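First chain A sits with chain B, and in the next complex the same chain sits with chain C.
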Partner chain A sequence: MTNPYHVVVCASVVPDPLQTLEPITGPSGPALKNEMMLPAILDPWASHALYEGANLVKHIAGSKLWLVSMAPKAKLQQVMMTVAQKVPLQLVAVDGPSSGFADAHQTAHALAAAIRAIAGIDLSRLLLFGGWESASRSAGVTLQLIGEELGIVDQFQGVDAITPQEDGSFEVLERVEGARHQVSLCAGPPAVLGWATGNLGEPRNDPQVGMANMRTIMPALQRATVASISADGMRYSNVATPKQQRQTRIVKELPAEDIAREIVQWITQE
Partner chain B sequence: MATTVPKVRSETLRTLPDDNVRQILWHFADRYDLQMLVQSAREVARGPVARLVSEGSRGTHEWTSKKAKLLEAFDQSGITAVFMDPEHGGYLVGPKNLALALIAFELAWVDAGAATCSLAGCLALAPIHERGTPEQRAHYMALAAPPAPGEDRHTYRGAFCLTEPIPYVGVDTGMLSGKVRITEWVDGQEPLLHVEKRGRFITNMGFANFVTAAVDSGDDRIKGSCMVIIEESDPGVFDRGTPTRKLVHQLSSTCDPIFNVHVPASRIVGGYTIKDGAIIPNYSHSEVIEAVFKRTRVTVALMTSAKLLSAVEPIIRYQRGRFRGSEQAKPGMLRYELGLQQRQDALHRLANLWAIGEAGAALGFAAARLYDEIDPLEREKDAILAAKGIRGGKAQLRFFRDVDQSALELLRLEATAEEKRNRDVYDTLKNDRLVEFALKDAVANVLCPAAKLWNTGTGANSMREALSLMGGYGITEDCPGFLAYKWMDSQLEATYEGPEAVQRRNLSVTMTNELFLAQFRQWIAEMRRVAEHRPGTGACTLATAMQLWLWTYRHLRVTTDAYGGALYQSARQGVTFPLADALGWLLATRQQTLDLIELEAKGPENPVLAEGLASTLGFFTDLCHIQAARAAGEVGRICAELVFGYNRHPAWDDEGYKGCYQSDELDSLEGLIPGIASCATDVVGPDGSHPAKAGPCASCQGLEGFQRLRSKLDGCLTGAQLAKDRLAEALSKVMIPEALDYPR
Partner chain C sequence: MTTADQPAIERASIDVDIACVGFGPATGGFLTTLSRQLLNDDGSPAIESKAAPGLPLQVICYERADDIGFGVSGVVTRARGIQASFPDLDPAQIPMAAPVVNEKVVYLLDPVGASRRSRVLRAGDRCLRALGNILGVANDAFELPYTPSFLHKKDGLVLSIGQFNQWVGSQLMSSGAVQIWPGMPVDEALIEDGKVVGVRLVDQGVDRQGNPEPGFTAGMDIHAALTVIGDGPVGAVGHDLDSRLGTPPGNEVREWALGMKFVIELRPGIDLQPGTVFHTFGFPEPEIFGFFYVHPGGVTSVGIFVPSWFDCPTRTVYRYLQHYIQHPYLWRYLEGGRLRSWGAKSLQESGKRGEPYLVGDGYARIGESSGSTNVLTGSGVDEAWTSGVQLAEGVLELLRAGKPFTRENLAQAYEARRRASWLEREARIAEKSRDGFQRGVVTGLIGMAVTAFTKGQVSLGSHPSKPCERIVSPEQFYRGKLKPREIESIQHQCNVGGTSLHDSLMDACGWSAIAHDGSLLVSHQDVLLLGGKVQAPAGYADHVRFRDLEVCGRCGTKLCVEMCSGQAITRSLEGPPNFDREKCVFCGACMWNCPESVEGRPNLQFRAGAGGLHSAEN
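So, the complex of A and B:
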């Protein structure tokens, strides 16, 4: 195949999902309690995009992969200690907030600027990857906004697979209702692909891959541009974590069949 | 001392310390290679290792195919290759002690057996790495590195075989029954050797492809002992033996193997020379194991500390959730919110065990870092000695007598005000690599056995307490964090690679080295300086305890027991061993304090930490304080027992009466010195009657210095319990994750 891609994966940094996420009101609006101090990971949705992107690049000669991430620099550095071990990549770091409450428009603007500034990128060959939503807020708009700014009109969301064709076009599977996929054929890049889970497992950590990546990652972190994202003009009327529902009944000596029946009844209720 | 510290800190610990904190505390914040390695090892530990434990794979003694998957995971995650230099297929440049220590820590956080399984491979290679010939090193290290992409071969795995069936090698490593003889020696050709060795409790034996075995000469034509490399394809018997029915570390393979093989003489670790028709191995087996164990024991020490620190989160979660869901505990009620953390003892004991884990980790990592500094120095030293033509242990000892004097001189100059120093002499000594080696080596020779002894022994005892905090759940297989397994496993960490007796024996020698003692004296002053600026750390308490220890040691060296027997001597383990135990408490606590200072210095450079740094520092300061108090208590008790315990207690006999007042004598003295009668404890009546007790109170003549220090030390405990109260408060408030992150 002679149609190399320039894959840019946009990925944010989010608190480790096992942590207790407690919304509070900080000096500049809503925030999570102890957010800076909570261990962070690369957004799981965007991580799938990264693994898919790396796989694509591996199989199509001449292709390149960049990971573009906006987060507090020191947090990003810590997260890179794991992410850098997963796949060969080049990091483009933007020093800014990674909070789920940052304005998606400003975030998208900063990321689009960072992508445009990548040395050697060919925007006509661009496949803009990311998560179709994010573990920090699930608004799912940032990627689309970046695409808009870069003038990319072919956008796919909930993507589970991309299959390049001989003629430079590619087939995309998007999730639709009822556990089905919609199949699209796209004539070629540029395109935006907001990934669901894709089909690849998480690659193992490999410190040797990490060491190779770190040679460019550390300078990239040092070079990180600072993005000023302001909270002006934004107002959150209400912030809450999804409620956990727990309805426990203690019934002694209930036969297993009865329990099963009750569960089936409950599942089929809606 | 703690008067400057408030009753309640305005900010208590917000979250459990994360990687940012740990990287600074253990001094690898600038080592990205190590940070990645930690993540890599953690993924293996909390993934495949944790899953094996929860599936019940610890239930078998045999090496199963499921357990064997761990080896693949080690290979793929870069754990196996850490031990190798880049030219042999590794990827880390330079010394690897800290790297291996971090791996052991991460794996043992979940299961120490998995850590042992990984590290036993390094232990097998260590004789070759430390003392092997360049050819042996190149050959075996490259084979033991996982295959590079595209390379078609298996990773070669090894076992280290020293221990033999009873009545041979155990603690006493000189009691060898394994033998090596010459079977064939054609003139001008490599001799052929016959090796007979039986092993007991040999780790990795279920799958090892090669073994480094300790054997003694069974032939007049071989001088002394050595270590030989045996391969599974060698002609003869390579019987892996039956699996050991052990109750601990079941994710590692342990067997009692039997070897009866023929190998070329080139398999003697470190090579040999031929003199007068006899093979003289370049290194005896004890020279090899000395070089090996002093590094590998540090990693074992860290396993137990990892487990203690790993217990904190599951215990807090258990305590908080204990009553949730019951009719009597509704949301908003204290019983619901705090659960068992309403009870002070639950919190105080948790604080204690956290402090012990913290101190152990500090000590272990400090030892590992020190070896990273010593490794290149040692190579330089070897080169210098070789250039000077100094060979053999005795010649080296003689040579180092002068170096040690120079090192002592340097310490003296360092303690002198700068303007009073002879600048030239100082600069020369300061830049002398042999002097630097001697100073560091003297400390490492203490830190290594101290870490192995204190971390595992005290750690095992504390692990028991950890279980208690989980009640009955603690001793079930279901206990989150696998605490019961971790407790049992600690006993092995305290046993293999030399049980506590071996470490105490080593310490009782190395801690008497004047080069160490001179540095120890400097550390006392260092702790006082720390205390001046950070009064809440307990550093002053620690300094006094260190002084008391030193006083006791000096005293025991020159005094005798009631029957005239010398006290500090190797046969008197009742004296030397407890003093070694006491030193462990001091060294661990000192390092914990030094790490706190590192966090205080470097923490502000990390913006992620900035937000909660003050609260983290406050918490760690209090942890140091209670640990210093605990150390002071232990040291005070041990020293008092030793200083007084070997004297004869006075009896109600003629000798004893000499030290007592006669009642009529006291009456007349009362006229001259009013009140004296109420101070005198031992008063004998005219009829010889005396108070109802064992005898006149023991005289403390000559021990006043000790008594002053001891009572000062008691006073130094001031404020420690207040620190514990603050810790309790913090532990009841700290935010923890929703669930444990293993098994994943």
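So, the complex of A and C:
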């Protein structure tokens, strides 16, 4: 029988990807224009990790799931109104920046401290989940740095599946080039798993789950620790969003071959 | 399909004390007032829950949209009720909010020459142009020397409802006293023996027709002692209640408008003071009213209202809005600006005449769908907020007295409170103020002024017709501008191409083509992708459905296609129009524009649905 896991999902809060983002230089370095006005969501990559983590915990008795997130408290509260309806979780809130411009080392340090401080956590049973990339800046290094701070040497990135074995070990599928998976067998926790998309769809909104979660989420937000993330010593030479070009044309029932040919033609013109 | 018709599906249920449907200004006012009284200073329950004994009152609000800040409306309001709830309100706390500092009413002349103006208006325009130097006509516009008191928003606020909702919701959630759940549409009210006993959430994991698919989750039943309906003018639950429990004799929503607006970042160097407000009329068509509100940070909300008494059978809003912003009076500020966001919303323009039963056993109605909008002052947000506050005060009174939420008790605690307030007094004055528009714009404007100055004692015009009763054929509407053969040819081309008529007809009538610049003037499809985009999560049924497909096939006007704000409804060669959920912004214009009815109800059914516009700047 597999021993229970203590799953910690690290997830940042990012602006709703349906918004138009505009980088600016603020008093403390690069920022997004009107960032606090924009609606926010849980980082889509980390969301997959959350759903996979919740599924794992559901099927292995005695396991627990924590969601550790650093963001301005008001933004985190807003995001939780949606996320809390998805899966049962215990929130560990860290009040800090989520602009994507915070130094990854400092962010990792703050999150590692928050994980260590979780009451009742057994770090020897820890599976540290997160996204292998991030929608904020796609730096994709914070999770690895947290693992290093916590002394976890087994790290997997681009994970699509984890399958616990009877002997306490677990099998991990990692994405590798050529649309293939690398299969690894890990002796057991602790381990870091940076998730790709996994195999689970977004759970349905469940009012019962939401109500149950909210009993612990609001107190967690109220006692959120404040992370002191400094921009000292950092210099950004350039910040820009990808150039967008939009040429809309409505054509009905165009064969796929013609669409492909037109796209290739358009790309080669660039 | 109603509860009674549905095959038995096992549904989970939960019990709460108060369930709210829709989070807008009305529910914001309700929850703000209520939440302040639910907990003692030491955090213990001030009012104990009956649904969960030992706990504080369990209050839960379900919002259809994916976020509580996705309400669509830039607004100028006197904010009397809002400021009464927040006596120390500092507008700087609310993004995009500013005190009103400068307000003008402006008559816009037609610089294009394509506007359909009556002889009276044309004569008036000629006089204005001839006396332009004396009267101060400039930029093809005439600024009225003063703003009539009934229109004035003195001491009020310019707001973005999206940001205001976020601000209110954030405070409510942090209080811990109430819960608000976005992304959770409510399908219908649960009614037992004439009593509302809660709500049913929509099914998830279904196909477009609502049939279960893998991952099906039956919508949960939320049982509540009190159900508060504040789901807006096109809300599914409000309409469901009206349909099943009836409406007061003589009361009916016959007048609507579709409001559409842009949020525009002004070019550098445009120095307009935040809180500047222009109310406009006269262009692009005399029937279309417009607004221009300046927010802090060089941002403006600019939009138009197309009313249901604008008889154009191919009424479009987007194209008209593009012409509107290019009017010289506005373009001097807007040229070189950048479109940040866009949105559209239906407005209930019948006001008190569209009032449903405000209370019943187990339920109460608040906000715009409760007929709170003042149609004379053109004010709805503050009135909606106030109706929510009044209900909360009544509910607290009943809870403290240990009285149940019966029709009689709610009538005494809420309805009587509302009737005795400024909300009712002003609504009665306004009740017939717009009747003159049934006979034309000039009569309508005079009628509003007469009603205002006689405090509602005198009004002009006649009882409004339903939108679908006023619609004339394209041949009649464009008589003198286009020949029937031209219209027929355009109709044929549009049917074959699956496109709407209005662009082609406006082109033919002399409206110049829009010179898209990719920044401010963009195509109707591109606007769905700018700023706040439109999306529809998988696993939900189509919320726009056509009851009788043959009726749609016979429909000549297809107004649902023409007025669709997101081009989500498109023509098909045969049968009903196509509906693309991923483009719908939930403005609801299709519902009140449907000219065909089946068994006394519009053939187009507008149900609860998920998704829509993702923008908090509206």
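Note that the second predicted complex is superposed on the first by the 243 of 270 C-alpha atoms of A that agree within 3 Å, B and C clash if a C-alpha of one lies under 4 Å from a C-alpha of the other, contacts with A are read in each partner's own complex, and residues count from 1 in each chain.
We adopt the following convention: a contact is a pair of C-beta atoms (placed from the backbone, for glycine too) under 8 Å apart; a residue touches a chain by one contact, two chains touch by 3 or more.
Predicted, not measured: the structure shown is a model, and the values here were computed from it.
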Please tell me, clash or fit, for chain B and chain C sharing chain A in the overlay.
clash
A:G201 contacts which: chain B (first), chain C (second), both, neither?
second
In the superposed arrangement, does A:S63 touch chain B (first), chain C (second), both or neither?
neither
Between chain B and chain C, whom does A:T107 touch in the aligned arrangement: first, second, both, or neither?
neither
Is A:Q85 in contact with chain B, with chain C, with both, or with neither (first, second, both, neither)?
both
Of the two partner chains, chain B (first) and chain C (second), which one does A:L221 touch, if any: first, second, both, or neither?
second
So, A:P72: does it touch chain B (first), chain C (second), both, or neither?
first
Of the listed segments of chain C (133-141, 241-249 or 475-483), which one clashes with chain B in the superposed model?
241-249
Intersected contact list for chain A, partners chain B and chain C 16, 18-20, 34, 36-39, 74, 78, 81-82, 85, 204-208, 210-211, 214, 218, 248
In their shared complex, at which residues does chain A touch chain C?
16, 18-20, 34, 36-39, 74, 77-78, 81-82, 85, 201-202, 204-208, 210-211, 214, 218, 221-222, 246, 248, 250, 252
Listed in rising order, the residues of chain A that touch chain B in the complex are 16, 18-20, 22, 33-34, 36-39, 72-75, 78, 81-82, 84-85, 204-208, 210-211, 214, 218, 248
Spell out the part of chain C that touches chain A in their complex, as residue ranges.
12, 14, 60, 62, 66-70, 95-96, 163, 166, 169-170, 173-174, 176, 179-184, 201, 204-205, 215, 217, 220, 222, 340, 498-499, 518, 523, 525-526, 529-533, 535, 537, 539, 614-617
Quick check: in the complex, which residue numbers of chain B touch chain A?
14-15, 18-20, 32-33, 35-40, 43, 76-78, 81, 91, 325, 606-612, 735-739, 741
